[in-house]
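Take a look at the structures below.
What follows is subunit A paired twice: with subunit B in the first complex and subunit C in the second.
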Partner chain A sequence: MKKVSRSSLDACFAAIAASQKLYLPVADGEKKRGAKYAPWFEGAVYSTAVNTVRSAKDFFFPQVEKMTRFKMDGKQIEVEDIRKENEDFVIFGVRACDAASFAILDSVYLSDPVDSFYQNRREHGLIMTMACGKPTETCFCSVFGIDAAEPAGDISCWMTEDTVYMQANTEKGEALLASLPMLEDAADDAAEETKAAIRQVLDKLPLKDLSTDAFGGDKLMKLFDSDKWNSLSEACLACGTCTFVCPTCQCYDIRDYDTGHGIERFRCWDSCMYSDFTLCAHGNTRTTQMQRFRQRFMHKLVYYPSNNNGTFGCVGCGRCLKSCPISMNIVKVMKTLGEGNE
Partner chain B sequence: MQDTMMKRASELLADGTVVRVLGWKNGEFVYDPTPAVFDSAEALAQDFVYHDFCGSNLSKYLIELSRLEGKTLVFLKPCDSYSLNQLLTEHRIDREKVYIIGIPCDGKLDPDTVRSSAEGILSAVTEGDSVQVETMYGNVTLNKADCLLERCTVCKSHKVVVFDEMLGENGTVNPDSNRFDMVEKLEAMTPEERYEFWRGELSRCIRCNACRNVCPACSCEQCVFDSPTSGVSQKAAADSFEENMFHIIRAFHVAGRCTDCGECSRVCPQHIPLHLLNRKFIKDINTYYGEYQAGAEAGSRAPLVNFTMDDCEPNVIYKGGSK
Partner chain C sequence: MKQETLIPKIGVVTDIRIDTPDVKTFRVVGLDGKKVFEHMPGQCAMLSIPGVGEGMFSITSSPTNTEFMEFSIKKCGCLTSWLHMMEVGQQVTIRGPYGNAFPVTTDFQGKDLLFIAGGIGLAPLRSVINYCRDKKDEFGSLHIIYGSRSKDDLVDYQEILDEWMTDDNVRVDLTIDREQEGWDGHVGFIPNFVKELKPDLNRTVLICGPPIMIKFTLDGLKELGFSEEQVYTTMELRMKCGIGKCGRCNIGDKYVCKDGPVFRFDALSELPNEY
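What follows is the complex of A and B.
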């Protein structure tokens, strides 16, 4: 394990940023806007906010991304491959929940057929996680077996009043830490006290006892047919906020854009909450908002675990709890459907 | 207030005046009630809540609910009642199918603002001018005035403008709301500064459409931007400038119809001050066509869809309020 004093953290950032792009959470203007990831700049202040408003999935699965270009010349169509090798980059301060979300995205994008856009970004990205000193009431990562005191990633970090401890978990992480001269050696158990303190707080979180017993691949028909979906979805505005802020929502649409000189094909985030989601030639498979709403939660709590050895498709980051305009979210869904259904 | 509301709702359900009640349902935490429909006194007793976090405007839901069999009881705060009137003007709601109870309001709290000063909220209650917040990390006392939704800090009217009955005393229009102060600041900027301001704000948009979908003036059955056959469907903006266009077009579309209910800014996960676009239009309409408040009266004709001999000449360039 390595350590650096908090007063030298900036020097540490500068050293990383000298060789590659470094992103870190910073305050997003006025206080109530919370934090966002931004490229490091001289004087950037690392935000210790418990989580960013937008998730870290944006780094690997951006909202919009160009895929190919077509040029037409009479009956000739030229297809241009515009993919290019990404540059190396580091994301600092990823929380355990977001770090766990990468595994969920990986299982979708890195299994055959591999998504080369995503793969390229993953290969070039190095993730430095930060243990959560101050989890908040909307946090329920532990419900999905995620330990906020022991975040994954290439390098895990812990922060105390005056020191940041860093532990490399991969070769890539090892190499980065070795390149930072301001780091000092620390005992392997130096962060244990911090971890214990975090676990004490985690144990007091109001959502820590949320039960997943009623969910999973084997509960499909019972949950699908529940009449509770009607009241759960009645106020849903069909905006896509919950899906866009969610670190594990992974659906996209592919569209063509006529530039006037040719076609640019791009993909962009899609939302199962939208009326044109999975629109086919015959029309839409889900014609009511109740069905679209149900899709989002069935995917996370039933379909995904059914295809992935029981792993749920939610990491408990709490973003949908904070951002939904009508305050409907996965916790309310789980509690309502779970009632008397274990 | 909550108890009085529940009691009255139960009576109206019992005597058959209404068959359902639109209100707010208790959330997981204190600050996250959800709009909900109740069909019995038992359902009300179980989950109905009304407190300072019940900011959401219920009017738009009545488009759907007034199409159902039987009357719906709705509780409207002053600003929500302007939205309802506007929807009546646009023939989107059947007045006969709605029973309106007006509720006075002295400002609703913004959960994001409270949260930014109190991490780990376990409970929060308003006591007079302060909000007592119990958190996982200790207790915090906040000034209620500092925690209000933006629209409440510049409340245009405490008056419920359409109702069948009022609970408590109705308020009055507030001519000194100062709600155009920020618009004036923007007007005083140079075009370059203003451009920078809006580029900075709008480039943060994630195009989740929450602002549009919550907006009572945005009541098209299908938005042109969602229609794959419209030719302008815009699931993602082709470039960052197109994102601005979405907002500017939307602001134009609701000009003269936007009541300034503030829902767009309340729901934006990126906290973009969308209300400033709409307020600029409202201010300009007031300046060039005379004072007009959308939703103040059902059936009123908005200046932009009306003609009088006094109307200003559209081809005259106005600058800073004069020709």
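What follows is the complex of A and C.
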């Protein structure tokens, strides 16, 4: 375990940023809506807000990503592989829920056949997580077995009034900590008091007793056929906000763009909440918003666990609770469907 | 950089056959004149014209064809219309093979097979039919029931007449929806035709065609005494990636592009009816 005084944290950031790109949460504009990740700059102020409005998935699965370029010449086509080795980068301040979401994205993108675009970013990114000092009432990561006091990542950090403790969990993390001269050695149990304090807060969160008993791969047909989906989805606007802010939503579209001197193929986030998502030559397999709404939540609570040894596809970050314009969200879905269904 | 299946290879169209007013069959090889990749019957490939679109198509040729791949494509939108305007020598992009395949090297071994196809649904089955014809010793007899709207809408008609109907091990029954001049064969819809023909109950069945035809044919087969464990089909859902990652083509917890497109009916009936 290493430590650095909070007054030296900026020097620590500067030292990391001297050799590679460093991203950290900063206040999001004047409206103080929350935090957003930004590249570190001289004078950047690390925001301790829980959590960033957008998740950290952008770093590995960006909203838009160029994949290939094509040159068209009469009947001929030339394929240009425009992939480049990514540069090394560090993300500081990732919360436990988002760190857990990377494992979920990994299970999709790193399974055979490996998605080399994602893998490239993943291999070059180093994750420094920050334990949550002040979890909010929309947080429910503990429901999915995530411990906000013990976040994963290459390096885990804990913050007190005056000190930041850092613990390397991987060789990559170890090497980075070793390269920072302002760090001092700390006792291995130096963060225990902080962890205990965090767990006390976690224990008082309003959503901590949310039950997952009614969900999982073995409940597939029962939940799919539930008549509660109709009332749950009735007011959904199909805006897709919940899918875009979600750290584990992984769906994408592939599109072509004519640049004027060639065709660029790119991929971008897509949403199962949209009506044309499954539009197909012989019709549409999901014609109603109820079906699309059901897909999103069935995927997180049933289909994903079915294919991943029971791990749920939600990390309880609470973003969909904060951002849905009609205040619908996965917690309401779980409560409603769970009733009398355990 | 590591290999990336989402970055396509180039294919060259070396032959175009007009099958019906809205179906053409394209022969495709790589830039080196050889097959772009190997596949098993039932698998598909993503074809694209950059700037126009990309779409999933069954590889209708048999893997035993060592020279080229073929695709039978029905004109129904932007990309497929473009493909129909192509001339020989046009290049396309191609990636694959994607999906599972019919279990020709396992469950189908030694079996008598019954193929039931409607319209363009013959495309994936043709790959199996010609595979089985080329590996006669590994399979029992083949019975093919094929139907289309009209005589002019039968895909692969010349091959059916010249090769399948002259093969001792193959029985072919054709039908069209409505009476037509110059047609003295059977007239009527496929599900009824199947019931009239009363095929052997010991056959393993492969059905492919429009969803409504599949549904009624399956009902008919069950009435005749076939069980769901005997019947296979291929599913067609909207696809983008082809490798189970873009999240588009799931039926319940299965991705059609990866866990399908070939499904046995008993497995399919355990999934939500969302297809």
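Methods note: the second predicted complex is superposed on the first by the 340 of 342 C-alpha atoms of A that agree within 3 Å, B and C clash if a C-alpha of one lies under 4 Å from a C-alpha of the other, contacts with A are read in each partner's own complex, and residues count from 1 in each chain.
Note that contacts are C-beta pairs under 8 Å (C-beta built on N, C-alpha and C of every residue); 3 or more make two chains touch, one makes a residue touch a chain.
Bear in mind the structure is a predicted one, so any value in this text is a computation, not a measurement.
**Q** For the combined arrangement obtained by superposing on subunit A, do subunit B and subunit C clash, or do they fit?
**A** Fit - subunit B and subunit C, as placed by superposing on subunit A, sit side by side.
**Q** By the touch definition at the top of the document, which applies to A:Lys222: first (subunit B), second (subunit C), both, or neither?
**A** In the superposition, A:Lys222 touches no partner, neither subunit B nor subunit C.
**Q** Rounded to a multiple of 10, tell me what angle the C-alpha centres of subunit B and subunit C make at the one for subunit A, in degrees.
**A** Computed from the C-alpha centres, it is 90 degrees.
**Q** Looking at A:Leu279 after the superposition, I want to know if it touches subunit B, subunit C, both of them or none. Which is it: first, second, both, neither?
**A** Both partners, subunit B and subunit C.
**Q** Contact-wise, after the overlay, does A:Asp253 reach subunit B, subunit C, both or neither (first, second, both, neither)?
**A** A:Asp253 sits against subunit B and subunit C alike.
**Q** By the touch definition at the top of the document, which applies to A:Leu321: first (subunit B), second (subunit C), both, or neither?
**A** The answer is first: A:Leu321 touches subunit B but not subunit C.
**Q** Identify the partner contact of A:Pro135: answer first if only subunit B is touched, second if only subunit C is, both if each is, neither if none is.
**A** The answer is first: A:Pro135 touches subunit B but not subunit C.
**Q** Where does A:Ile77 make contact in the superposed view: on subunit B (first), on subunit C (second), on both, or on neither?
**A** In the superposed model, A:Ile77 contacts subunit C only, not subunit B.
**Q** Would you give the minimum C-alpha distance from subunit B to subunit C, in Å, for the three-chain superposition?
**A** 8 Å.
**Q** Residues of subunit A that sit at the subunit B interface in one complex and at the subunit C interface in the other, please.
**A** Common interface on subunit A, subunit B vs subunit C: 253, 270, 279.
**Q** Touching residues of subunit C toward subunit A in the complex: what are they?
**A** Within the complex, subunit C touches subunit A at residues 1-10, 49-54, 76-77, 87, 89-93, 210-211, 236-238, 240-241, 243-250, 252-253, 270, 272, 274-275.
**Q** Spell out the residues on subunit B that touch subunit A in their complex, using ranges where they run on.
**A** Subunit B reaches subunit A through residues 27-29, 31-37, 56, 61, 110-113, 115-117, 119-122, 135-137, 204, 206-210, 212-214, 222, 226-228, 233, 235-238, 263, 266-267, 269-271.
**Q** Subunit C touches which residues of subunit A in the complex?
**A** It comes out as residues 67-68, 70, 72, 75-79, 81, 83, 85, 108-109, 111, 113-117, 119-120, 217, 220-221, 224-225, 250-254, 256, 258, 263, 265, 267, 270, 272, 277-282, 285-286, 291, 295, 298-299, 302-304, 306-307.
**Q** Under the touch definition given earlier, write down the residues of subunit A that touch subunit B in their complex.
**A** 28, 30-34, 50, 53-54, 63-64, 134-138, 201, 204-207, 231, 234-235, 237-241, 244-245, 253, 255, 257, 264, 266, 268-271, 274-276, 279, 321-323, 325-329, 331-332, 335
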